[in-house]
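Both complexes shown next keep chain A, but they swap its partner, so chain B is in the first and chain C is in the second.
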Partner chain A sequence: MSASTESGLPAGKTWKSKEEFLGCVILTDWILLVILFAVLLGSFHIHYMLLAGDWDFWIDFKDRRMWPTVTPIVAMCFAAASQSFFWTRFRLPIGATTVVLALLIGEWINRYDNFWGWTFFPINLVFPSALIPMGFWLDIVLMISGSWLVTALLGGLGWGLLFYPINWPVLAQYHQATEIDGVLLTLADLIGFNYVRTGTPEYIRMVERGTLRTFGKDVVPVAAFFSGFISMLVYFLWWNVGKWFSTTKYLEIEEV
Partner chain B sequence: MKSLNLQSMAKCATARVVRLWILGLAVAGALTTLPAATPAAAHGERSQQAFLRMRTLNWYDVKWSKTELNVNDEMELTGKVHVFSGWPQAVARPGESFLNVGEPGPVLIRKSAFVGEVPVPRTFSMDVGKDYEYKIVLKARRQGRYHVHVQINVKDGGPIVGPGQWITIKGDMKDFTNPVTLLEGSTIDLETYGITWTYIYHFFWMAAAAAWILYWFMTKGIIVRYWQVKAGKGRELIGQSEKRIGAITLAAVLLAVLVFYAAANREFPRTLPMQAGLLTGISPIDEPRSTVAVQFKGGSYTVPGRELRIRAKVTNNGKEPIRLGEFTAAGLRFLNPEVFTTRPDFPDYLLADRGLSVSDPNPIAPGETRDLEVIVQDARFDIERLSDLAYDTDSQFGGLLFFFSPSGERQRAEIGGPVIPKFQAGATL
Partner chain C sequence: MMNQTTEKAVSAAQADVTDTIVNFKPAYITMGVMLVFYVGIRIYEQYFGWKAGLDSFAPEFQTYWMNLMWTELPLEFVAFCAIGGYLWKTRDRNIDAVAPREEMRRILTLIGWLAVYAFSVYWGASYFTEQDGTWHQTVIRDTDFTPSHILEFYLSYPIYIICGWGAFMYAHTRIPQFSKRISLAFLMFFAGPFMIFPNIGLNEWGHTFWFMEELFTAPLHWGFVFFGWFALAVFGVARQVLDRVIELSKEYEKDALAL
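This part shows the complex of A and B:
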């Protein structure tokens, strides 16, 4: 790591040497990174579980319409807020990537420990949605454009459009056809049927429900574009949410 | 910007950082573990209101083909269910229902399920007042002793849990397989299918994200950047060379996305969308009309005695004399020992084999109409919390009466209605 002393830092007599001072800066950096990561992980995880919930939990909920619509929109909230924080305060192009990585680490701990470890649901029933390339996209669009407006429009649209293609490499294998007792099913449907979920009956699945039916069988692109547009709006809103909270003023002691 | 004596600083920081990471991961673990996976319904049936359990689905003839299995063995859970005519207004009607199993996680997997002759991997529709026969084929997956219930989930009504039986599974889940034949002909083991690739794909991307984050963190960190942004030198932090790195990274990411996508399409050229939809027109059990007519004439529930008294007008329209042998409600069976001389094979916690008596034990002759008083009395009524009827907003009971003829023929009649609780002096609920 390289650090610089040229930015007018408060070098007083407290520090015995420049090395000690820089060592302290680096240590604080690491502590900050760990804390930020844990905070983002915990808060995003709860947000995402509440809003994306079953769509992200189960293989047989990952359909062509509801899942690619809901998931990116919900994930965009924290990505935008985190970008606002990392970019405006530090010019770090890692806001979205950090927050989706934190979320996925949390999701994987949850799926592995709870769903598989305690309840024995196989991982192919409960793995989370992939989001990382969307994080790269959003961060690098912001970095190159340097504009949150461009990021909201272009980044938001790409965020929605990328979601299904980046999940397809894992999903495709579970959309092969099979048959049980003369009923046609995909493997995803069959996993959901085989591995009994007492509290998750089949009818709560929202498989291709909704009214966006104009474009026939091209369900995914319509859902993805719609998701991209809403993601843009969510980006505007949550960039500002991120801004409100990117401050230490709530921690300051005030005379009331 | 000059690098300064990095190794020594890194060393001093490393140990603490490692500890912090472990702490951070522990915190993260705790946070993510809080909202645990869907809880299993072990005896959840008791927590449901009594009138709901008695007046929605009346379970009968429930059988578990085995109670001891080895991992990979199959068993059948079969039975019949009567959809109560006086379905409570508080619960959505079973127009969208799902045949389910109440068990603590997928310790047995559901290989197939039928209602009547129709396979029901999907949601189906039932009609009020009708009876349906079901069959669930279960395959033992995890070793242990589990309480396994039949269950029907009703949309906007919730899960309605039927009788449960203890099932012992021996062996080891490691040996469990779930072979499935694909339409294109090959056979796979669904228990593990695709899992390794799922890990590889996900962890590849997560590693890439971690590398990207650490790259930017290791060049100038967080605090120094903050000072620079504060000093109005933010623009210098992201210059042409940084943008070039970004552009190259983005190009590589998008290329990887394309390659993975194309590879998936090449490997799985024929895929289907998920299959869903409501199955309607499932035929109820086809049997001749019951020759017994039962009219409810009133009832009472004596709170301290745990005793339900039902007055009914019974007409025998059949050719043989009949006797009342059983009353069943909410999965509980109350038997008349004068009719059931041997104890049927049924879970003990639900079987009151001496729980039913009748005011007049003489058989009802063909063509005869008689006013009967039916007395249902057993501790199980209380243990399974059917006595909570007195607390319910709609304190009506419901259930099925079974009449038997000398030739062994069984006639079924639905009964239900309001009961008046009788609180005796000094008694408490």
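This part shows the complex of A and C:
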């Protein structure tokens, strides 16, 4: 098969005109962005659902200790990697917002179409955690500071601290106390008890319990602060993971 | 004279049509077909999941679910071999002679392949994987081959593997920069998500020992996470593609920067 062009253009010419070039580049840029968005959606979603999924799936897992600790830490991985790529290579401060938006689109489609549509769990049991303002925060810190070090320290801490407050407007109503047969529990617990999940019985639900109550009302700030601390460390690591995956290295065929 | 002029104009117009450098139509059509297919699959499982998918020992389970699996697996294997075989067989054997315009055309075709791959990754990694979680929280599994697994592990995963394989082979057989050496990023972008499929072996092996009351975040599932990370190599692939587009478009660099 001959590989020569059939265009009749002089050898070495790629484009017929500036208009053709510009039209093609703009379209191709958009398609590349869609590709990145879809791949990040799939990759981030499988990462997130299998490392933090249970706390994100169910309203009765959204407690004051495990949920605000685990979820931001797990989400930080892809936010940092994505920022590393978009900022280092294109100076675009959109990495974190883009990936959390992608994740939430995947999650909302799933919660509606599958959790509710196929297996009939009500949406108020299975809605995903909000993350978008955290994405804004991380991107704004990076944009203003221009430094991944500052973003790791300031952005990472804020990432952990913001998580609970931004989810609170939706969550608060489910943390109302209720009493059933003499047992005091939250509305979220009650919904959970009424919708039995065959694979996750109550005794393996990982939420705050027992002596942790001695912290009383301070559980959330402590958990959020801890989450922010680990998010900083995760940011350092995953910034470099993103950088590593941006490699343009080639291997010789004999090496493979 | 008039006739000759008209003929020239017509042939010039025809040449223009055949010389179109951007043609994403095959990619759009493939994604459209995939969308319709998956919507159809979703309707099938909505109905037959509840009607015939609750008890793997029931005859209707064999009819509606196991038969589906025994049909899809060989078809996927054939598709994998056929796509790889076709692209290899029709490879460019004179790749050093590719003119810039033709190379750009092929790069754009590769972007179409990547779009299809990305779309199939969404369905496999996001849609059908989380869906599996909700099925397992609703129905007690009495087999490795649950309705959700038959569509997730043995349908949507092989489909994205086939798409990734096609993209990789297209680049390797037609585009100079990817043909003489292996792009590390492209290799990871294809091979990482591919490894999720063999990892099903670990997952199902673990689940086979007992009915597992589990968190979806159980360590047994972390193999999927690890291999899923490799999809981030799309960053490197995007860079390599864009670098080459820039090289091939040097003459319009200023115009691009002015955008």
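As a convention for this text, the second predicted complex is superposed on the first by the 227 of 256 C-alpha atoms of A that agree within 3 Å, B and C clash if a C-alpha of one lies under 4 Å from a C-alpha of the other, contacts with A are read in each partner's own complex, and residues count from 1 in each chain.
Heads up, the rule we're going with is that a residue touches a chain if its C-beta (ideal position, glycine included) is under 8 Å from a C-beta of that chain, and two chains touch if they have at least 3 such contacts.
Since this is a predicted model, take the numbers as computed values, not measurements.
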item	value
Partner chain in contact with A:Asn110 - chain B first, chain C second, else both or neither	both
Partner chain in contact with A:Trp118 - chain B first, chain C second, else both or neither	both
Touching partner for A:Asp60 - first (chain B), second (chain C), both, neither	first
Superposed model, chain A: greater residue contact from chain B or chain C	B
Touched partner set for A:Thr97, first chain B, second chain C, both or neither	first
First (chain B), second (chain C), both or neither touched by A:Trp15	second
Touched partner set for A:Ala177, first chain B, second chain C, both or neither	first
Chain B versus chain C as contact partner of A:Trp30, first or second or both or neither	first
Partner chain(s) touched by A:Gly199 [first = chain B, second = chain C, both, neither]	both
Chain B versus chain C as contact partner of A:Val241, first or second or both or neither	second
Contact residues of chain A, present in both the chain B and the chain C interface	1-4, 6-9, 18, 22-23, 25-28, 31-32, 34-35, 37-38, 41-42, 45-46, 49, 89, 106-107, 109-110, 113-115, 118-121, 197-201, 204
Residue numbers on chain B that touch chain A, as the complex places them	1-6, 8-10, 12-13, 16-17, 20-21, 23-24, 27-29, 31-33, 35-41, 96-98, 100-114, 119, 121-123, 141-142, 151, 153, 155, 159, 173, 178, 180-184, 188, 190-195, 197-199, 201-202, 205-206, 208-210, 212-213, 216-231, 233-234, 237-238, 242-243, 246-247, 249-250, 253-254, 256-257, 260-261, 263-265, 267-268, 270-276, 278
Residues of chain C that touch chain A when the two form their complex	15, 18-19, 21-22, 24, 42, 45-46, 49, 90-95, 97-105, 108, 111-112, 114-115, 117-119, 121-122, 124-127, 129-131, 133-140, 180-185, 187-188, 212-217, 221-222, 224-225, 228-236, 238-243, 245, 248-249, 251-252, 255-256, 259
Contacting residues of chain A [partner chain C, same complex]	1-9, 11-16, 18, 20-28, 31-32, 34-43, 45-47, 49-54, 57, 81, 85, 89, 106-107, 109-110, 113-115, 117-121, 126, 197-201, 204, 206, 241-242, 245-253, 255-256
Interface residues, chain A side, partner chain B - complex	1-4, 6-9, 18-19, 22-23, 25-35, 37-38, 41-42, 45-46, 49, 60, 62-64, 88-94, 97-98, 100-102, 104-110, 113-115, 118-124, 127-128, 130, 132-133, 135-137, 139-141, 143-144, 146, 162, 165-166, 168-191, 193-205, 207-208, 219
